[in-house]
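Once you scroll down, you'll see the structures, which are given as C-alpha cells.
One chain, chain A, appears in both complexes that follow, with chain B as partner in the first and chain C in the second.
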Partner chain A sequence: MAARIGFLAPIVAYLVLFFGYPLAANFTMALREYTAASFYTGDAPFVGLANYAAVMGDPVFTTALTNTAVFTAASLFFQFGIGLALAVFFQRHFPLNGVLRSLLLIPWLLPLVVSGTVWRWIFDQEYGVLNQTLLALGVVDTAVPWLSSTAMALPSVTAANIWVGIPFNMVILYGGLQSIPAHLYEAAALDGAGRWQRFRHVTWPLLRPVSAVVLMLGLVYTLKVFDVIMVLTQGGPANATQTLTTWSYSLSFGELDFGLGAAVGNLLIVIALLFAVLYLRGLRSSGPAPARERR
Partner chain B sequence: MPSARIPRTPRLRGSSALVAAGLLTLSTACAGGGGEEEVTSLTAMDYNLAEPQNGTTATMLKECGDQAGVEIERDAQPRDQLMPRLLQGASQQDLPDLMLIDNPDLPQVAATGALLPLDEAGLDTGGYYPSVLEAGTHEDTVYGIAPGVNGLALFTDTAVLDEAGVEPPQTWAELRDTAAELTEGDTKGFAFSAIGHEEGTWTFEPFLWSNGATLTELDSPEAVEALELWSDLVEEGSVSQSVVNWSQADVNDQFLGDRAAMMINGSWQLPVLDEEDLDYDVVPLPVPEAGADPATPMGGEVWAVARNGGEREQKAVEVLECLLSDDNMRQWAELNAYVPAKEELARQLAEDDPRMAPFVESVPTARSRTAELGEEYPDVSTAIADAVQEALAGSTSAEEALSQAQQSVPEN
Partner chain C sequence: MAVHTRVRTAFTTVAAVVIVGVLLFPLYWMVNASLQPATGLLETPPRWFPVGGTLEGYREAFQSQGRPLVNSVVVAAGTVALTLVLSVPASYALSRFRVRGAGALMFALLLVQMVPGIVMANSLYAVMNQTGLLSTYAALILADSTVAVPFAVLILRAFMVTIPDELGEAAMVDGAGHARVLWSVVIPVSRNAMITAALFAFLFAWADFLFAVTLNSDDAVMPVTVGIYRFIGAHTADWNSVMATGVIASVPAAILLVVAQRYVAAGVTGGALKD
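Up next, the complex of A and B:
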C-alpha cells in the first residue's frame, strides 16, 4: 500500500502543482475584479459572475466565438481531409516516397513564428507572391487584401493554419493505415471491391479510432492556436481574426484586466472539455466494435 | 519529512495570474530582497533591448550607480513582457527600484500605490517642460520623469517630392492632394501605422486632437471627420489598406523601400533612416486648416521609483538624479533621437540638428494620453484602434465605428 502511494505521489504532486493549482486559480480569478492594482495590493474584490456577464455582453465575444468556431471547424476539416488524402497516397509504392513524405513534414518542424512570418509575406497585399501570381495569371483584377480586410483575414489565417496542421494529420493517419493488415484488402479485392469500396468499407472503419484521436488532438491544438494569428494579424483588423484565445490574451496582457481574461480562458476550457466528453463517450460506444473486427 | 511534501503553494501566488490566463506557465518566483542593512545594490528594469539604447542604458546605470555608491542589477525585458513582469514583481512586493515605463502605462502602475511620489522625494523638477511632467503624472502627483520624449512628425522623401514638384503638405486638404499625386505604380503617396493596438491609436490621436475632438467623446463630429480623412485616403488608394497590419517599424520599412513617399513616424526612426542612403525631410504633422494648432501625443518612457523602503528609495532617487543630469540627458537624446525633457537642452538640440526641430517644436503642446482617462486609457485605446481598423478594413462607416468605440469610454 505504501509503495503504491509512493509511486503515485510524484505524478499527483505534479498534477496538483502544475495543473490543478493554475486551473483553480483561474476559476477564482475569473470571479474577481483582478486588475493591475490587485497585483500589488492583493486586493481583488469578489464580483461573482460579473466578469462572465461583461465578457458575454461584449460585442467582441460573439465575434470571437464565431471566429473560433469557423477557424476550428475549417482547420480540422481541411487538415484532416488533406492529411488523409496524402496518407492514402503515400501508402502506394513509388520512387522518392520516403523523401517526399519527409519533406511534407517541414511545416510541422518550422517554428510557427517563422512560418507565420513567411505567410505574412505571401499574403502581402501589394508585394506578396500570392497576389502577384494571381494578378499575372489574370485570376483577379485588383490585389486581394488577404490580411487587411475584415472579410478576407479569417479565411487567410485559417489557410495558413491548415498548412501548418496537415503534416500532423498525415503522419498519424499514415501510421494508422500501416497497421491495417494487407490481407483485408486482398480479401476485399477478391470479393470484387473497387478502390473506393475498399476505402469506404475497409480503410475508413479500421481507421476510425486513429481518426478520432487525430481529430480530438487537432481540436485541442486548434482551439488554442495563438502564434499563427498573433504573427499574421494580431487578431485584427478590427477583431476580424480575434479568437477566444487571442482575446483572452489581449484582455489580460493588453488591457491588464486579468479577471476578464481569466473568464474568457475558462469558457475556452469548458468548450474543450465539452468536446473531450463527447470524444470519450464516442470511444466507449464504438470501442468494442473494431476489436471484434480485428479478431 | 518536509522535503517529501508538496511545496507550499502561496509562494506561487504572483505567477498565478499569468498562469491563470491560460497562456503562460511561469513558475518563477522571485525571492524577496531588501533588508535593514546598508544598501549596496539596486535593481532596475527597462525594455531598451535594441542597440544603441541597450548599451547606453547599461553604461548610464553603471556610472550613476557608481556615483551613488551602489551596484545596479539591470534586467532588460522585451517590451511586451515589461508590464507582466512588473505586475509579477508587484504581487511579491518586490518591484525593481528603478523602472523605465512607457508613459501611457504609468497610471496603471501608479494606481497600485507601489510607486514613490517623486516631488515628495525631493527630486528637482525645475527646467522640465510642463507637458513632460504631465505625462509622468497620475492624480496630480508626479511618479515618473522622462529623460527624453518623442513625438510624431511627417517624413517626406525629398527626391520623390522634388520630382513631382510638390511641397510637404501642411493641411489635411494638401495632404490628401499630395498623397494622391505622389501615388504612382508601386509607390503609395502616404503611409501610417493603423495596427490594432496602442501604436495605431497614438498615430491617429494627432488627427483626432488637432480637429478638436477628445478621447472622452469619440463619436463627436470632429472625431468622425478625422477618421473619415484616414478612410478616404485608403479608399482613394493613396494609402495601402495593409496599414491595418503595419507597426511603425513596418511603416518605416515601406518608406525606406520607396514604397511610400510620405509617412507618419516618430523621432526614434531618425538613426534608422540615417543608416540608409535616403534623402528625407521632417515636417510637423498636417493640421485640419492652415494655422491650426498641431496636437501630438507625448511619447517616451519615464523612470519611476518603487516604494522599497527609506534607504533604497533614497539611493534610487540619487541614481535617478544622475540619470536625468544635463549631460546624460543630452547624450541620451543625441544617441536615440529623443527630445531632451528639459526645455533649455531641447532648444539647443533643435539648433544643432534641424531634423529634430519639428519634434522639439511639438513638445510644449504635446498631450499626455492618460490625462483625461488615467488608468482607463488602455481600454479606450483598444476601442479607438478597433474603430480605426473597422473603418479602414471593413465596410463600417467612420461614424458607426466610432459610436461603437464610444461605448468603451467610462461614463462620468
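Up next, the complex of A and C:
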C-alpha cells in the first residue's frame, strides 16, 4: 500500500499545486481589484463581482465574444472540411502516399509563432506574396490591407489558423477512415452504391464518433488560440481580432488589471466546460449508434 | 487494364503532390525568404527562387537569437526531464494498481487539458511572483510541464495497460518490488511510448509562447519564440533574418519528423490532444 501511495502521490500533489491551486487563485483573483502596484504591495481589495460586471459591461466584451465565436466556428468548419477531404483522398492507393501524408504534418509540428510569422510575411500589404500575386493577376486593383483593415483582419487571421489545424484534422480522420471495415464498402458497392452514396451511408455515419472527438478537441484548442493572433495582429486593429483569450491577456499583462483578466479567463473556462458537457451528453446519446449500424 | 490503372495511380500521385505543394507553400516561402538578401525581399515581382541566395539572414539570426535558442533548449530539455519523472511512475500505478480514485484522477488529467492557457498564465504569474520564480528557467519549465504532464500520463498509461501482468509478476515472484519492476521490466518495454511522450514534451516546451511571454517579465530567460516576436516588432524590414530565425526554430520539429516519424504519428492519433 505504501508503494502505491509513493507512485501516485507525486502526480496528485502536482495536480493540486499546478492546477488546483492556480485555478482557485484565478477564481479569487477575479473577485479582487488589481493595479500595477498590487504585486509589490500585496494590496488587492475585495470587490465581489464588480470585475465581472465591468467586463460584461465593456463594449469590447461583445466584440471579443463575437470574434471568438466567428473565429472558432469558421476555423472548425474549414479545418474539418478540408481535413476530411484530404483524408478521403489519401485513402486511395498510389505511390508516395505515405511520404506525402507525413509531409502534410509539418505545419502542425512547427511552433505557432513561426507559422504566424510566415503568414504575417505572406499577408504583408506591400511586399507580401499574396498581394503581389493578386495584383499581378489583376484580381485586385490595389493592395489589400489583409491585417490592417478592420474588415479583413479577422478573416485573414482565421485563414492562417485554418492552415495550422488542417493536418491534425486530416491525420485523426484518416485514422478513423482506416478503421472502417473494407467489406462494408464492398457490400455497398455490390448493392450498387456509387462513390457519393458510399460516403454518405457508410463513411459518414461510421466516422461520427471520430468526427465528434476531432471537433471537440478542435474547439478546445481554437478557444485558446493565442500565438497566431498575437503574432499577426495582437488583437487589432481596433479590437477587430480581439478574442476572449487575447483580451484576457491584454487586461492582465497589458493593463496589469489581473482581476479583470481573471474574470475573462473564468468566462472562457465556463464556455469550454459548457461545450464539454454538450459533447459528453452527445456521446452518451449517440454512442450506440455506430455499433447498431455495424450489426 | 494494368496500364490504365498505372496511369490512373500516377495521375493521383501528381494530384497529391500538387495538393501537398499548395499546403506547404508557406513553408517554402519562409525558406526562400530566409535565403534572400534583405533588399531582395522588397522587390516586385517577388523573387520566387533563392537563386544567388545569401546566408546573411542566418548570420544575423544567430547573432541576435543565439542566447534565446540556448534558453529554448534548456527549457525544453528541463520540461522533458520533469515530465518523465512525474508521469512514468504515475502511469505505472494507474496501469497496474486497483486504487480508489484512479478513475477520478484520469478524468482530472483529461479535464485539466481543457483549461485555457491564458487562465494558467494569469494564475501562474501570481504563483511565480509569490515564490520569486518569475523570469527563471524553473518558472518556464514548471509552466510548460502543465501542458506536457497530463498528455504524457495518458499516452504512457494507455501503453502500459497493454503490457501483460505476467511480465511483472514473474519478477515479483523473484522478490522484486514495484520500483524494481517498473525500472527493469516496464520501462524497457515502454521505450517507444516514452520516446513519444518525451518528443511531445519537448515540442510543447519548444513552441511555447504564452508562458514565455507572461512569466518572463524582463525577458531574462527569453526563448526563441519570444525572440522572434520581439524581432518582428523591432525589425519589420529585415524579413530575411526573421524568416531565418523561423527556419532555425523549426529545425527540432523537422528533425523529430524525420528521425521519429512513426512515434509522432502515434502521438497524434494515440493521444489526440494538442495544446
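Everything below uses one rule, namely that the second predicted complex is superposed on the first by the 279 of 295 C-alpha atoms of A that agree within 3 Å, B and C clash if a C-alpha of one lies under 4 Å from a C-alpha of the other, contacts with A are read in each partner's own complex, and residues count from 1 in each chain.
To be clear about the criterion, a residue touches a chain if its C-beta (ideal position, glycine included) is under 8 Å from a C-beta of that chain, and two chains touch if they have at least 3 such contacts.
Quantities reported herein were computed from a predicted structural model and do not represent experimental measurements.
Enquirer: Output check: A:118 vs chain B and chain C. Expected answer is one of first, second, both, neither. What do you get?
Expert: So A:118 only meets chain C here.
Enquirer: Could you tell me if A:10 is touching chain B, chain C, both of them or neither one (first, second, both, neither)?
Expert: Only chain C; A:10 stays clear of chain B.
Enquirer: Which partner, chain B or chain C, is in contact with more residues of chain A?
Expert: So, of the two partners, C touches more residues of chain A.
Enquirer: Looking at A:140 after the superposition, I want to know if it touches chain B, chain C, both of them or none. Which is it: first, second, both, neither?
Expert: neither
Enquirer: Counting only touches as set out at the top, which of chain B and chain C does A:73 meet: first, second, both, neither?
Expert: neither
Enquirer: Using the superposition on chain A described above, determine whether A:226 touches chain B (first), chain C (second), both, or neither.
Expert: Touch status of A:226: both partners.
Enquirer: Of the two partner chains, chain B (first) and chain C (second), which one does A:238 touch, if any: first, second, both, or neither?
Expert: Once the two structures are laid over each other on A, A:238 reaches chain B alone.
Enquirer: Considering only touches as defined above, state whether A:22 meets chain B (first), chain C (second), both or neither.
Expert: Both partners, chain B and chain C.
Enquirer: Between chain B (first) and chain C (second), which does A:163 come into contact with in this model arrangement: first, second, both, or neither?
Expert: In the superposition, A:163 contacts chain C only.
Enquirer: Go through the superposed model and pick first if A:148 touches only chain B, second if only chain C, both, or neither.
Expert: Only chain B; A:148 stays clear of chain C.
Enquirer: Can you list the residues of chain A that touch chain B in one structure and chain C in the other?
Expert: The answer is residues 18, 21-22, 25-26, 29, 39, 120, 124, 126-127, 226, 245, 248-249, 252-253, 258, 261-262, 265, 268-269 of chain A.
Enquirer: Which part of chain B faces chain A closely enough to touch in the complex?
Expert: 4, 6-7, 9, 12, 14, 16-17, 19-23, 25, 27, 80, 83-84, 87-88, 90-91, 93, 95, 108-109, 111-114, 186, 188, 195-197, 240-245, 259, 375, 378-379, 382, 386-387, 389-390, 392-396, 401, 404
Enquirer: Residue numbers of chain C touching chain A in their complex, please.
Expert: Chain C reaches chain A through residues 9-10, 12-13, 15-17, 19-20, 23-24, 26-27, 29-30, 33, 41-46, 85-87, 89-90, 92-94, 97, 99, 105, 108-109, 111-127, 129, 142, 145-146, 149, 153, 177-179, 203, 206-207, 209-210, 213-214, 225, 228-229, 232, 239, 242-243, 246, 249-250, 253-254, 256-257, 261, 264-265, 268-269, 272-275.
Enquirer: Contact residues on chain A for chain C in the complex?
Expert: Residues of chain A touching chain C: 3-4, 6-8, 10-12, 14-15, 18-19, 21-23, 25-26, 29, 39, 86, 89-90, 92-97, 100, 102-115, 117-122, 124, 126-127, 129, 132, 136, 163, 166, 168, 171-172, 175, 213, 217, 220-221, 223-224, 226-227, 230-231, 245, 248-249, 252-253, 258, 261-262, 265-266, 268-269, 272-273, 276.
Enquirer: Which chain A residues qualify as touching chain B in the complex?
Expert: Interface residues on the chain A side: 9, 13, 16-18, 21-22, 25-26, 29, 34-37, 39-42, 59, 120, 124-127, 145, 147-151, 153, 226, 233-240, 245, 248-250, 252-258, 261-262, 265, 268-269.
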